[in-house]
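Following this line, the structures themselves.
Two complexes, one shared chain (chain A), two partners (chain B, chain C).
What follows is the complex of A and B.
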């Protein structure tokens, strides 16, 4: 019985030119979103591969002929980067507005890590047409357009009551009709995504969760459409109301949530972090050496016996005040990081009120392109910088004789596995 | 004439009776009001804050104690970009780019701490601005109000009566157009108010007027598209479906596809990438800190000859300052070459984006709007260029002081002991070489001429839609 209903509805759908148009549009948009995404991700990987190579060449060049630990550390830059994950093609997320590559050296990190080597600002402003956007914002509209007038069009054609009467139970009529459209839309959207995932070697769990999220969100929208379209009104009033609901859930609720979250979680002014750090580093030149070495030794008690500086200049003093500059702004930087994290946490909660926000965030999370992933990358840069310091400090501070061979063992940045 | 206005009045009567229409209009009005107030407050706060920061940065620079001049090169300075007055309507790329730059010797830094980096991420539309409401939401309202404007008469059978009474389809369409036009006029009021307010804050009348006209043409173009659909199509739900599709396409899909396309068409290397290429070249120039570098041998010979001296010690000027100044100039030339190249590539990406205005009036208005407000990519690039000039000027002035006011002997012996480094300082009055920096938007006529292509595209959209209405209205039969 059910199967018969379904085949009948598939035949019915095949003759509905309006519905076929929306379904074809869904497929085309999905193909476009996925292929641009895959191309962009490959482009970013190529960029990273080139950078890794040129960075190594530049460092080798910089280290050549160095005669002191201090100058070797001064001139050697190290590339850090966050490669796009295997699912990033579906959601570029924050990668257009937050940096995912830095070149850092042994100087104060806070003067370097806030540099933003991002792309064209228009990209970050307008946003890309990636699969996440298609799934979160456009797919619900397509579903609305496919389903809103199932009942109303039959009413307009004056077949509604007759159809309901012959079908026996009302759901036996409407459910298969809507179900076929829903399934077709979902499949046409997901098929290109799955092909993209095969090409990119995305983990099955990620692609499974993403498909699940999309299906779940579309089910919610289906429920909304179903409830609204029971109202006995003309198709155009139904469509207007549904578009209104879409606006409320896709634009108004996220905008209100964002405004509320940002008002409740102020971030420290970035300019102040920069200013304080620079002032500390620069003032150190004019201060007695102990003013730098005392806070430095508090952080690194193991170097206490080497902390006396004689004469107006020493590399270890230079690096110590770089370190102290970072230490001074650490509380502010911590606040900045905490504020970003708590904004993101609260955004995660309030996203439950809006299916579009939820889907977009879920995709970004799976793709490792959400705010948390960007912060994790910054943490990795901080860890690497700490490694650099741990590597150099013994030689610098004990003022050991320079040995270029030791520099062969310079720590190398290893990107952490993304996407989780 | 009176027939036309009577038709328009009738339309208004029907709208006011429709709960859906009234509700939609009220919601849009409330959204527009709250977003405008929030944005105006935020931008005003940022404006005064940045100006204060700029003044404070200058004060601290001037207040630095006596020092070695090269220390001041590394001490550096900051450039801040306060939002222009019209940013309270159209904040543009400012949120994405970051608005402060640290300026120091031997380096060109990027603008830091973009708002978006610390923003709560709630998806694509969460960053509502008055401009985005005008660009995205108002066309939708026009669709809701107008999709059945003309075909309603057909559905209810009144069209036949009117045509039989000798009314032409064109006249009927004009009446409907007048009704829609009055709606557009009402929704222009908030923008006109913001524009007038921005003029009271010093914005030029030309820019404000062009912005208002641009949005008026944009909304009229949408109104004309809506009316054209309601004349041509015969069913209410079909008309609404077609218009919603047009909106979905023009407002949501094409702008983002245009970004994909311009990003795929032109590969603009990031700063790190071009820096790496540049660093290799820079090494050939020598390091500005080390005056004994072989790359400076030629410079040395030239300068010695110029002053008729045999050794650098005999020079009447400080050789180290000469080297610093020379290498800063060479390095800056190199850095600027790469920076210009990067900015040019980004500008061509934006041109491709603008071309998509031919496929979507929303792209045309958003480009024109950012340009006229002074919050577009080109203005950001000018900020980068001007802050670079500021950087180069103060660094070179300090290098000049280094060369002329600090003795070479004293300079090379500065690290001997505390007293020597004390001697290798110049009086802090020298720090007055720093220029005052106040960044403002381009002059209004420059902005208008830059926006002219997008504005022209908008007018084209309007004319085509009006043409379609007239052709369709003239052929209206039963």
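What follows is the complex of A and C.
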């Protein structure tokens, strides 16, 4: 019975040029979004591969001929990066507004992390047309356009009563008619995503969860359209009402949520951290050396016996005030990190009010491009920098004789798959 | 014996207006009953009540002895409904329209079956594979009548069925309806065409402001006297 109803409505849909246009548009947009995503991810991987190669050559070049531990540490750059995950093509998320690669040195770290905060400001403003945006914002619009006037257009054409009387029960007509459109839209959106996922080697669980999220969101929108379209009003009034609801749920609620979260969780910007750290480091040149070495040995008591600086210059003093620069901004960095995590948590809760925000966040989480993943990458950079310090400090602070062979054992940054 | 169609003291409100007020009638098996009335008399509303689209304020409507609101689906499955100026799908051919609606009714028919019904309503063969948007109003109405025939239901509800048909087609339609009734189909038609109603119906009811104010039947195989009905219709209209 149900199969017969679906077959009937599939044949009916095949003759409905208006619906076919919106379905074709859905397929085209999905292909475009996935293609852009795959191209961007491959471009980022190529960039990383090139940088990895150049980074190694550049470091080898910088270390050649060095005769001091201090200058060797000073001139060697180290590439850190968060490679895009196998699902990042579907949701670039925070990768467009947060840095995913750095070249760090043994100098004060936080400034090196945060001086990249302002990159990609254009994408931060306009956003990217990726699959997550398509699924979260455009797919509901397409669904509205496919379903809003199923009943109203038949009423306008004075066909409604004949149709329902012929069907016997109302649901035998409207449910299969809407269901076929919903399924076709879902399949046409998902098909390019699945192909992209196959090309990228995405895990089946991620594909399954992403498909589930999309279907769930479209089901919610279907319910909304169904409730509104039951109102006995003209197609234009129904469309206006549904577009209004879409605007409210896709734009107004997320914008108000974002404003409320930001007002509730003030975050020091990266510039403040950068400035404070540079001031601390620069001021150290003019301060008595004890002013630097005292806080340094409070952090590293094991170097207390080497903390006296007798001459006007010593590499260990230089690196100590770089270290103290990081120590000075540590509370601000902690505050910045916690506030971002807190904003993210609250955004997750408020996303329950907006299917659009929920879908975007779900896709970004699956893709490892959400705020948590980017913070995890920053933490990975800090961990790597701590390894660098742990490697260099014994030679620097004890002022051991320079041995270039030791530099062969320099720590290498090893990224996790999603940057976390 | 249970009548296929029965309205019992039926009163109905639509958008706050009292459209039907205590209307009672029955239509026997194989009978053609025509409800006559002017605009806004409540004719189409009566049909919609039998189809379960409108809930009675008072009284009830029964199809084959069962209250329509107790089992709408069962009532609708027994009825073929031909709405006024039935708008079938203009972007589909006659074949496609009939195929779609018959599948919707759960009674698909073969191409030969469709042709047989279209032959009965005299829709030209060359037109059957054309989209309905190229049809005249009469051709569309014939297609809708063919759909009603193909449903093969025991009851037909016809709303202004000859609207848009030319005189020859109207005569052919009347003959068709009579044939169906002779075959046992029960037919309730609503119209404001006094002459047509008297030509085809076994019994004519006169609706005015939602009340059934008169009933006319011929009996003994004769036709209902058009002049009598017309006089009653006109008198009541000016009264």
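Basically, the second predicted complex is superposed on the first by the 407 of 420 C-alpha atoms of A that agree within 3 Å, B and C clash if a C-alpha of one lies under 4 Å from a C-alpha of the other, contacts with A are read in each partner's own complex, and residues count from 1 in each chain.
Criterion: contacts are C-beta pairs under 8 Å (C-beta built on N, C-alpha and C of every residue); 3 or more make two chains touch, one makes a residue touch a chain.
Because the structure is a prediction, the values reported are computed rather than measured.
S.K.: Following the overlay on chain A, give me a clash-or-fit verdict for chain B and chain C.
M.R.: fit
S.K.: Should A:54 be classified as contacting the first partner (chain B), the second (chain C), both, or neither?
M.R.: first
S.K.: One more residue to check, A:205. First (chain B), second (chain C), both or neither?
M.R.: neither
S.K.: Now for A:308: first (chain B), second (chain C), both, or neither, which partner does it touch?
M.R.: neither
S.K.: May I ask you to decide whether A:370 touches chain B, chain C, both, or neither, giving the answer as first, second, both or neither?
M.R.: A:370 contacts chain B only, not chain C.
S.K.: Quick one: is A:346 in contact with chain B, with chain C, with both, or with neither? Answer first, second, both or neither.
M.R.: A:346: touches chain B, not chain C.
S.K.: Hey, is it chain B or chain C that touches more of chain A?
M.R.: Comparing touch counts on chain A for chain B and chain C gives B.
S.K.: After the superposition, pull out the minimum Cα separation from chain B to chain C in whole angstrom, please.
M.R.: 14
S.K.: Looking at chain A, which of its residues have contacts with both chain B and chain C?
M.R.: none
S.K.: What does chain A use to touch chain B in their complex?
M.R.: 18, 29, 32, 36, 39-40, 43, 47, 50-51, 54-55, 57-58, 61-62, 79, 93-94, 97-98, 101-103, 111, 114-129, 133, 136-138, 141, 145, 149, 152-153, 156, 234-237, 239-241, 243-244, 247, 250-252, 254-255, 257-259, 261-262, 265, 267, 269-271, 273-275, 278-279, 282, 285-286, 311-313, 336, 339-340, 343-344, 346-347, 350-351, 354, 356-357, 359-361, 364, 370-371, 374
S.K.: Within their complex, state which residues of chain A touch chain C.
M.R.: Going through chain A, the ones touching chain C are 1, 4, 7-8, 11-12, 15-17, 157-159, 161-169, 172-173.
S.K.: If you look only at chain B, which of its residues touch chain A in the complex?
M.R.: Residues 20, 23-24, 27, 31, 35, 38, 49, 53, 57, 60, 65, 67, 71, 74-76, 78, 80, 92-93, 95-98, 100, 102, 109-114, 116-128, 136-137, 140, 144, 147-148, 236-241, 244-245, 248, 252-253, 255-260, 262-264, 267-273, 275-277, 279-280, 283, 346, 349-350, 353, 366, 377, 380, 414-418, 420-421 of chain B touch chain A in their complex.
S.K.: Where on chain C does chain A make contact in their complex?
M.R.: 48, 51, 53, 72-73, 76-77, 79, 81, 83-89, 91-92, 96, 100-101, 103-106, 144, 151
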